[in-house]
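You will see two complexes here that share subunit A, one where it goes with subunit B and one where it goes with subunit C.
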Partner chain A sequence: MANYQSLDIVRRSASTEVSPGIRNGTEMEVAKLIDVSRCIGCKACQSACEQWNDLRDDIGHHVGVYDNPLDLTAKSWTLMRFTEYENPKGDLEFLIRKDGCMHCADPGCLKACPSPGAIVQYANGIVDFVEENCIGCGYCVKGCPFNIPRYAQDDRKAYKCTLCNDRVSVGQEPACVKTCPTGAIMFGSKGAMIEHANGRVEDLQSRGFEGAGLYDPQGVGGTHVMYVLHHADQPELYAGLPKDPHISPVVQAWKGGLKIFGLASFALATIGSFIHYVTKGPNEVSSEEEEEARDEIAASKQRRTVSREVRL
Partner chain B sequence: MTNLWMDIKHADVVIVMGGNSAEAHPCGFKWVIEAKVKNGARLIVVDPRFTRTASVADFYCPIRQGTDIAFLNGVTRYLLENDKLQHEYVKSYTNAGFLVRDGFDFKDGLFTGYDSDKRDYDRSTWEYEIGPDGYAVVDETMTHPRCVMTLLRKHVDPYTPEMVERICGSPREKFLHVCEMIASTCTPDRVMTSLYALGWTHHSKGSQNIRSMTIVQQLLGNIGMLGGGLNALRGHSNIQGLTDIGLMSNLLPGYMNLPTDKEPDLATYMKTRQFKPLRPGQTSYWQNYSKFFVSFMKAMYGRAATADNEYAYEYLPKMDVPTYDVLRAFELANQGKMNGYVIQGFNPLMTFPNRAKMTAALSKLKYLVVMDPLQTETARFWENHGEYNDVDPTKIQTEVFELPTTCFAEDEGSLSNSSCWLQWHWPAQPPPFEARTDIAIMAALYARLKRLYAQEGGAFPDPILNLNWPYALADEPTPDELAREINGYSLEAVTDPNDATKVLLPAGKQLDSFAQLRDDGKTACGCWVYSGCYTERGNQMARRDSGDPGDRGIAPNWAWSWPANRRVLYNRASCDPQGKPWDEKRKIIEWNGKQWIGFDVPDYGPTVPPSQGVGPFIMNQEGVSRLFVRNLMRDGPFPAHYEPFESPIVNVLAPDIQGNPCSRIFKDDLAALGTSDKFPYAATSYRLTEHFHFWTKHARVNAILQPEFFVEISEQLAAEKGIAPGSWVQVSSNRGQLKAKAVVTKRIKPLICDGKTVHVVGIPHHFGFTGATRKGWGPNSLTPVVGDANIETPEFKAWLVNVEPTSPPAMV
Partner chain C sequence: MSLHEPDAPVLRRYTAFLRINHWIAAACFIMLTLSGLAMFSPALFWLSALFGGGQPTRAIHPWIGVVLFVSYALLCVRFLGSNLPNRDDVAWSRRIVDVINNRDENLPELGKYNPGQKLVFWSQTLLIPVLLVTGLVIWDWYFYGYTTIQTKRVAVLVHSLAAILAITVIIVHIYAGIWVKGTMRAMTRGTVTAGWAYRHHRKWFRQSLAGQPPTAEPPRAGGD
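Take a look at the complex of A and B:
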């Protein structure tokens, strides 16, 4: 839930209102950097997320892997995904990636959302769901190229990581960053995070990870959650992190060409009706039709009385 | 730890073997990551499983559990063969040149003097040759056929890379790569730290596992150095405090020990505890034993401890056996020889080996008292939980008392961490409901016992009636009062030993340090190593100055570290014999011509000049560290490879000596050992990062993160047995069985040992039948009752099991 003012909002879903965007450009763009090569998969971030956001997921079952809960839910906004990978040299690598909202610069969820103001983007880059505006259509789920938002069955609204915007708005780092014991999760300006990542990439290359690099996919305009990967050339290794994520063409079409086409059809239909009214005049109701309607109302009243008696 | 957590950042090489620090010590592990990120350190992991620590390692080498000595003796052999030693360090700071008595030998898996009936050694030849001057004879050239260096070379000679591969299942080229990485730290400007935990101690030769790495670190000159040392990562926030305060059946606080029944008087007791120097001019600080001991007795018995009654020596229990460790205690309970048990803060039903024996033993007690903040399985051992705890409550007559205690965040006191820091903490909130502090419960118990003894007498009421109890509120001594008593205080004025008119400390004052202790009854001190923690300047443990001059990771004014607020033990060895740091960028202390100065409290006489030739290992009678540990360990002066008591292969080095020849094993427990024809797989147990012992399974968040018991097997074993990932398996040993979900993983691989395929089965601790997690079992349903030869730590890390697919347990 948003803790920001409208002045911070630079984009809002399904809205023709122009955001004032007054802080756009003056507010620092933030980023969370997850250095996968420093992560030990301890799940302290999961625990901190549950505690800060007062989320308590169900106590699940063990299904033969370390991932618990098994997937993101409306009550689990982040989780570790574990992958056992045998590299071409024959050595095992245990790749552990903290999954959660990437806070895209060009967010597919926001683009797909048909409810005005249910998804907003702040000047600092955080993409946030405003649940009271959410109509529970689930389009954001389809719109996300990272498969992040989850739909809650009980209140029929969508949830995901807020990048702890309540903490960030008062100058604190997200809860997962604060708790990470090995400093694998860092937080700061996007520029500073990229700079730090470059140093880490260099270190990883010195340790033989030639494909090391920063994951900041440009297909979604870059992200405000980035990864340092040992194998940035093969992000799919990390539990299917997409190599070149894009907003789905369906959403692009729906909010692009189709939207224009839809609006045009709507306008044409309106104009057509008006012309029809001018040329043909209003519809008239005949006395037979009035009679029929009265009978119908009487019958339905009787049905309602009967059914109430049955219930009693 | 010889060093401290923050110091790990200075390492060039970090080896994690016998531990899994990323999972078991995730917060401390930040310093390993710091070393990697800021110091370019390389991390080596040697483990039967590819752990989460291995996931961030630069190099992983597999090993069969219980073969660490073979591996590390192989490393020692590599260092000696390839001359990868810190020569000057070895020559000046170790006992490499000391001559060993004629007659000492090691043959067919045994050292000289073995008595198979007693399962013990006559250790008389395991000693230095003493010269006419009364001191040990040393050959400076380290070439004498009976000098320690020569004997060490001979001892490790069989541990060739081929032999290491044959025993440990570690591929030869991987083993050699580890050797090269370790050997890279033999220069004075490169240092390796060794991080270990229960993966080394939970063996029938746990102490010797640690010894074998100690030898490696001495040869490399890595002890006493910043970024070096041998670092035991403790499994509990205050388990270091447990050993310091001596909460073992045979110990007194500060690493002193209880008398045996062969020591009827104080003079006899002290005779074997004189610790005279074995080389001229050495410090041999344990020479002060009588000061520590008498001051302890004064703290315990106050005015009742006098010179005339040998400071109440007769009040102390005299041991008739080496220890009443937990294995012996529950053996006695099981034989019906122990009637009651007071359990304070642990969960033996789910912890100690052979759970069936534990249940039987607990069922034979008349009473059981459980003091714990949580509902432990032990307190409910009598309750039927279907397959998970299949007992008949009507057949168990043990009376169980549960006394709810406070949690760490609900009381005040100090915790001693792995770095030997005593950190004071304050309650965050009052305890819930009827919970009381352990101190209040014990004080109330004492008051009642004392009243009963006073009223009714008894066989020997004196130690109870005369106990010194100087607290303002007898019912509830405060942690502050106890801390002051532990630090010690002067009963009379303490004067300069060389000038009786010079008063060093007036009467009735808190001691500044253990240097002020006296053995004439003028001082009282609860635990000499803690002396200095609460002085006239106040509670030193409550200090919170994180300032760290020189960025050494020492922060001398943060809390208080024993001994004497020293942070890096043996730091004199960080300088060469002339007192100059081996490596300027790792400077801790140095000799400035008049005294030792630097960032840490010198582990040495502060004004003793280097020219005096006093060795840096001031606690040792030799003044140097020990490659050869004399007769101080029961099972050998050098570590030798033996198989676990249950092992899939025979001891290829000495086929007649399978397990540690000195480990004690009771008759029934010996009969309960299984063999590899019925139980072909090598099992090991461990902790998971999501949980802390049996504690966090009571917390919902942790239960969400790791909800259910499982075991881990390789893809190959799963295929062989037709086990699908996530399906139910039954794991059995000769002592019991359990059911668990199967994790089928690439992280465990079959090993080839002595030409035979060995499958490893991993079984985590933590789960039980109380708490928020799903009901499950623990490895102790299966583990054998045998312990380390020196300290009886059970062999939880290596035993034999069978694994079969099975049906889910019935719902309860």
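Take a look at the complex of A and C:
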């Protein structure tokens, strides 16, 4: 069972019912802040994630890079992505970004999901997959602007970081935060995290990283996982972190206008047909036409007989 | 019904094989519509209950699609020759108001199919392959690794749009069978009355007379 109280749900996938709103605005929004400048790439967060969530990913292959595993999987919900970047001064920078679900305020996965209640958003901002409702269609993969959900080959369901919703709901920080040895991953109210990030950004800027900044992309309404980046002006440097992520217009069209167009088209065809029948009535063969058809058949038979006789 | 008097002369329109295949395609199309709409609109998700729930709906939909494609491919081969556009179609289309008002006496004499029927044929002939190809792209269980996510996004949009058009055409197709009396038996029994053929497809009626004279009584089920 999903670990939530129904009062905490502010959005529920594929649901026509209104979510409980009695408490809206009173619950604190949480955020995980990942200070990339303090990350040493130890992967302790990956281990903690596997351990807490009781996941054991398959043994992979080493291909000569630090990334391990090579990509997020249904069993690896967070991943250190390593990028070697040669800055304009000619120095090498080793950029390490902990990738995983960003817990968007406007989640593309939730928007795309066709199964009622398979994806929920809690008042604290966490976006969670409720696995018992997942039908395994993979629409969340198409909805996500960050390429996060992964389709499991064993049970045909989609998985991603839960922001340790089970821990957060009992007042603990996520497992990755708990284990980070350098304090690069922090957790708290979104306001407090932004405030802390601003201090870090100021510090980085004073040390020569003019482009330092907070990554809290507004194209998806802001996120509940944020980064402090030394190069916030070029987030793509960090293994392709999108500069201005938003739900794809293709997904918007599919989940927005097309639904209305489709239902309108069916309704128009059906109602139009019905009205046509009621006003114009059926198209029936008249008895004269049946008679004329019979006459033609008789004439044709006669011609056949005649031609047969002529041949004889 | 007066049209179906037992001694009315009838013409054979469809073979038993074609009729069975048509109904396989029709059953597949309806199941695909119901399961597809369940995954298309949250307001229609309840349709998934007809297939035993969301997961079975997701799992079975593409397989039914494959069956439809094979079935339709066979139909298409049989229908293609009679559905090529010709000059009569232009004249018929210009008199669409007479068509709507059941004034068939004002319409040009036609072969086996009228332009409305040809439109059904050609739209399905175009849309079903589009649905197959885009459907394979979003059949994640087998083909996830072959395309990018952006391609899948476009595929799911095109798949939905093609399905909407195909379903709309089929709604009109079904209505035409209800509206034009005496049509349905062509696909249920394989024959139409001579009067029906004379009224709606006179050229085809005369071609049939020249080729194969009508029987005086309807053939037994499956007897053709």
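The rule we apply is simple: the second predicted complex is superposed on the first by the 261 of 312 C-alpha atoms of A that agree within 3 Å, B and C clash if a C-alpha of one lies under 4 Å from a C-alpha of the other, contacts with A are read in each partner's own complex, and residues count from 1 in each chain.
Basically, a residue touches a chain if its C-beta (ideal position, glycine included) is under 8 Å from a C-beta of that chain, and two chains touch if they have at least 3 such contacts.
Owing to the predicted nature of the structure, the values given are computational and were not obtained by experimental measurement.
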Q. Thinking of the overlay built on chain A, is A:Ile194 touched by subunit B (first), by subunit C (second), by both, or by neither?
A. neither
Q: For A:Met28, select first, second, both or neither according to whether it touches subunit B, subunit C, the two together, or no partner.
A: neither
Q: Scan A:Ser47 for contacts with subunit B and subunit C and give back first, second, both or neither.
A: first
Q: May I ask you to name which of subunit B and subunit C touches more residues of subunit A?
A: C
Q) Between subunit B (first) and subunit C (second), which, if any, makes contact with A:Phe266: first, second, both or neither? A) second
Q: Return the residues of subunit A at which the contacts from subunit B and from subunit C coincide.
A: none
Q.
Quick check: in the complex, which residue numbers of subunit C touch subunit A?
A. 2-3, 8-9, 38-43, 45, 48, 53-55, 57-59, 100-102, 104, 138, 140-141, 144, 149-150, 152-154, 156-157, 160-161, 163-165, 167-168, 171-172, 175, 178-182, 193-199, 205-206, 209-210, 213-214
Q: Name, in rising order, each residue of subunit A that touches subunit C in their complex.
A: 13-16, 114-116, 133, 135-139, 141-142, 147, 151, 156, 248, 250-251, 253-254, 258-259, 261-263, 265-266, 268-270, 273, 276-277, 280-287, 289-294, 296-297, 300-301, 304
Q: In the complex, go through subunit B and note every residue touching subunit A.
A: 22-23, 26-27, 29-30, 33-34, 36-37, 40, 42, 50, 52-56, 58, 60, 689-690, 700-710, 725-727, 741-747, 772-774
(Q) For the complex, give me every residue of subunit A touching subunit B. (A) 37-44, 46-47, 50-51, 56-66, 68-69, 76, 84, 86, 91-96, 181-184, 200, 203, 206-207
